[in-house]
Amino acid sequence: MNKRVANAREAIAGIQSGMTLMLGGFGLCGIPEKCILALADTDITDLTCISNNAGVDDFGLGLLLHSRQIRKMIASYVGENAEFERQMLSGDLEVDLIPQGSLAERCRAGGAGIPAFFTPAGYGTEVGEGKEVREFNGKPHILETALTADFAIVKAWKGDTDGNLIYKGTARNFNPVMAMAGRITIAEVEELVEPGELDPNQIHTPGVFVQRIFQGDNYEKRIEKRTTR
Amino acid sequence: MLDKTGIAKRISRELQDGWYVNLGIGIPTLVANFVPEGIDVTFQSENGILGMGPFPTEAEVDADLINAGKQTITALPGAAIFDSATSFAMIRGQHIQLTVLGAMEVSDTGDIANWKIPGKLVKGMGGAMDLVASAENIIVAMMHTNRAGESKLLSECSLPLTGVRCVKKIVTNLAVLEVTPDRGFRLLERAPGVSVEQIKEATAGRLVVEGDIPEMDLS
Amino acid sequence: MLDKTGIAKRISRELQDGWYVNLGIGIPTLVANFVPEGIDVTFQSENGILGMGPFPTEAEVDADLINAGKQTITALPGAAIFDSATSFAMIRGQHIQLTVLGAMEVSDTGDIANWKIPGKLVKGMGGAMDLVASAENIIVAMMHTNRAGESKLLSECSLPLTGVRCVKKIVTNLAVLEVTPDRGFRLLERAPGVSVEQIKEATAGRLVVEGDIPEMDLS
Amino acid sequence: MNKRVANAREAIAGIQSGMTLMLGGFGLCGIPEKCILALADTDITDLTCISNNAGVDDFGLGLLLHSRQIRKMIASYVGENAEFERQMLSGDLEVDLIPQGSLAERCRAGGAGIPAFFTPAGYGTEVGEGKEVREFNGKPHILETALTADFAIVKAWKGDTDGNLIYKGTARNFNPVMAMAGRITIAEVEELVEPGELDPNQIHTPGVFVQRIFQGDNYEKRIEKRTTR
């Protein structure tokens, strides 16, 4: 089934104010930059964004913070963004911090029909407050619940029009688990090919998880900490 | 007394052949520079790579290849790349033999605080809570005291916890200590030129000193 | 009255463009032969493939490419292959729009029994329990009565259950029925040449017959 | 780290009577046939084997049934094996049947440090008997626990001496999740290469999950139901 849409603007059709979005990426690596730009160009507001990080001031989710389109951020680490700090301190932005591994597993669980699971991460800390505690093999665990989203937006390297995706390097990160957890999943790719051009053995995200796909041009792929030897 | 590099160097002596190791940001990252001869360890970065290599040359820089500190990296032969859920499956499932990370405070029962200071801006715990809750072998790399000169080795952490009863060993600028939850910090080694008395003074939690405490061998 | 091929053909009329479909062993497998023109569906097999194609030619046979019935298959362009956990993530996570499977018994509240006969050798449930517990849209393909002539559409299943209140529709050699858990089997269509009376006689559970019941259109 | 061992016999060193093994494969597709043959050549008994199926009379796990080395079988479907039937009916063989999706997820959970999770599969059936039931989103789920094994034995297509694995076709099936869940995981491969020869982006099982690896020769790869058009 052909899931191709023309561009980012077409891909984000149906996203409405107040919705919950998942956005792939770790730092600025592997973020769906075209869809974020397209969202910044709308008057959609009050979004809840689930993403490991919150971008930087002038790129990634920082753009949607700057335009005050995000009401709540669910993330594991948000340290790189002055605008974020201002809105959080002023109380304009609600923030829910989740251990990175629990965030990844909760997204996967949401996509896999697992409503809840036990993990040791966060036990005895404020993350565990109010959550059910149970011992397994003598070790305390807390019950964490699945996360899903109205739309998941992911970025891949290559994709085909059936929605099959292949990621490159550590730009993979949260993209595959978030692709599973969206009621509607949008994939933006650097190269969109016809079905049959990708090796079925090498697909990272099977097309069943993807509802819309398009090819973006001129990816900026900004580097946060260029470090050389 | 050790500097940060010295701490990293001392921790590198803990590495065992064949281990998979996760290094946190800061001092822990430096450990990779001092892997002893004949010891083959594989570094994992929780954003999704096993077999992390050195920083790239200018020509090798690839925006799609970073570590959990968001620095550009390289992949060694034999590297594998995976998603975040698989990465933390490795961590939570105890497939990683050693985690080295920094801390603001450690208690003498092995609690650790390293993510949040009340009243200051909270940036988040990243992968730290998953790492400390699961790793069988956690070494904390930190200064023995904070900038105000107060001990970071306490009877109880004052800051919000990252994990409870999880730290096994601590390497500071002054000493190597093992956490024995029942008895407190057991002093194993002194940094070069540091006396047991100095370590006692700089340690607020219970400190166990038994027998002669050797000076570290960093040769 | 329909034969097995007829049942499969009638079920194929339920397919909608763009659907992902899991077909069980037996009659359900035949559905793939009758996908209507202009309808593009993708078949999933729970052992780990999306985009299953027809059986191979002799030359194409590959021991590493089978379906959940252990038959050799082919992969269509656009196919994807994955592990068993990911496969059932698709199923449990309701990413598959339709599941078609056989049954020994169905109750008028939608319970299904299709894996175990007490006293007989139990072979196992395979993926059936996961499929029926999760699929939003389950069609059962079966004969209306068993070999002894007894109804397989009951007020309550007598055999051990595979799942509860999950079957949405049943296509038999005699009829198409919708399960309305509060009221029972609602008769939707008669097989060619079969009377409502015959269906009533062959149905042990509650049967709802409202208005004219049309004959199936299999053209 | 070089994890290469010479052959199947060396690979299974340390497996003892009474241990729990996981064995990859679906039917006869993707089974670790060399290690099974090597096990059949030992006097190890009282094994608990976790595998989706139980082989056929003269191949796969059927060989270990024939030699009466298996005390308990944990599987989802065991229908292809007359020896199996005899031993089960005579009470010599204990059998625990698990829904296929729960089996896969319980293995993954075992490898991923998730001690328990909720799933809807099996609720209201004998699989759910004695298990905790909880509703999520109005739907009842049962609590299933993780599975682990003393040894997991998997079969891959290609591997490198660091233990990285790539599977081919639907021979992948349970192999990746079982590789995660073994205290010691043994991989047998059709082609063993040096580190660096496999693309890091295409690894299905990262080497961290594998402790021993060897190349098997002349794989039989028997087909259960050769079906052609």
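Order of writing sets the chain letters: A, B, C and D. Residues in each chain are counted from 1.
By our rule, contacts are C-beta pairs under 8 Å (C-beta built on N, C-alpha and C of every residue); 3 or more make two chains touch, one makes a residue touch a chain.
Predicted model, so just to flag it, every value in this text is computed and none were measured.
Touching chain B and chain D together: A.
By the document's definition of touch, common neighbours of chain A and chain C comprise D. The chain with its Cα centre farthest from the Cα centre of chain B is C.
The distance from the centre of chain B to the centre of chain C, with each centre set as the mean of the Cα atoms, comes to 55 Å. Chain A and chain D have Cα centroids lying 33 Å from one another.
Remark: chain A and chain B have CA centroids separated by 29 Å (rounded to whole angstrom). Multi-chain contact residues, meaning those touching two or more other chains, occur in chain C at positions 49, 75, 81-82, 85, 88, 91-92, 134. Residues of chain D in contact with two or more other chains: 105, 108, 112-114, 119-120, 168-169, 172, 200-201. If touching chains are joined by edges, the resulting network of the protein chains shown has some other shape, matching none of path, cycle, star or complete graph. Pairs of chains in mutual contact: A-B, A-C, A-D, B-D, C-D. Chain contact summary for the complex, chain C toward chain A: residues 17-18, 20, 40, 42, 44, 49-51, 75-82, 85-86, 88-96, 134. The touching residues of chain A, when paired with chain B in their complex, are 26-30, 52, 75-80, 85, 88-89, 95, 97, 99-105, 107-108, 119-127, 157, 168-177, 204, 221-229. The touching residues of chain D, counted against chain A in their complex, run 105, 109, 112-120, 134, 136-137, 141, 145, 166-169, 172, 200-202. Within the complex formed with chain B, the chain D residues making contact are 1, 108, 110-114, 160-162, 164, 180, 194-196, 200-201, 203, 206-209.
Residues 45-49, 54-58, 61-73, 75, 81-85, 87-88, 91-92, 111, 121-130, 133-134, 160-164 of chain C are the ones that touch chain D when the two sit in their complex.
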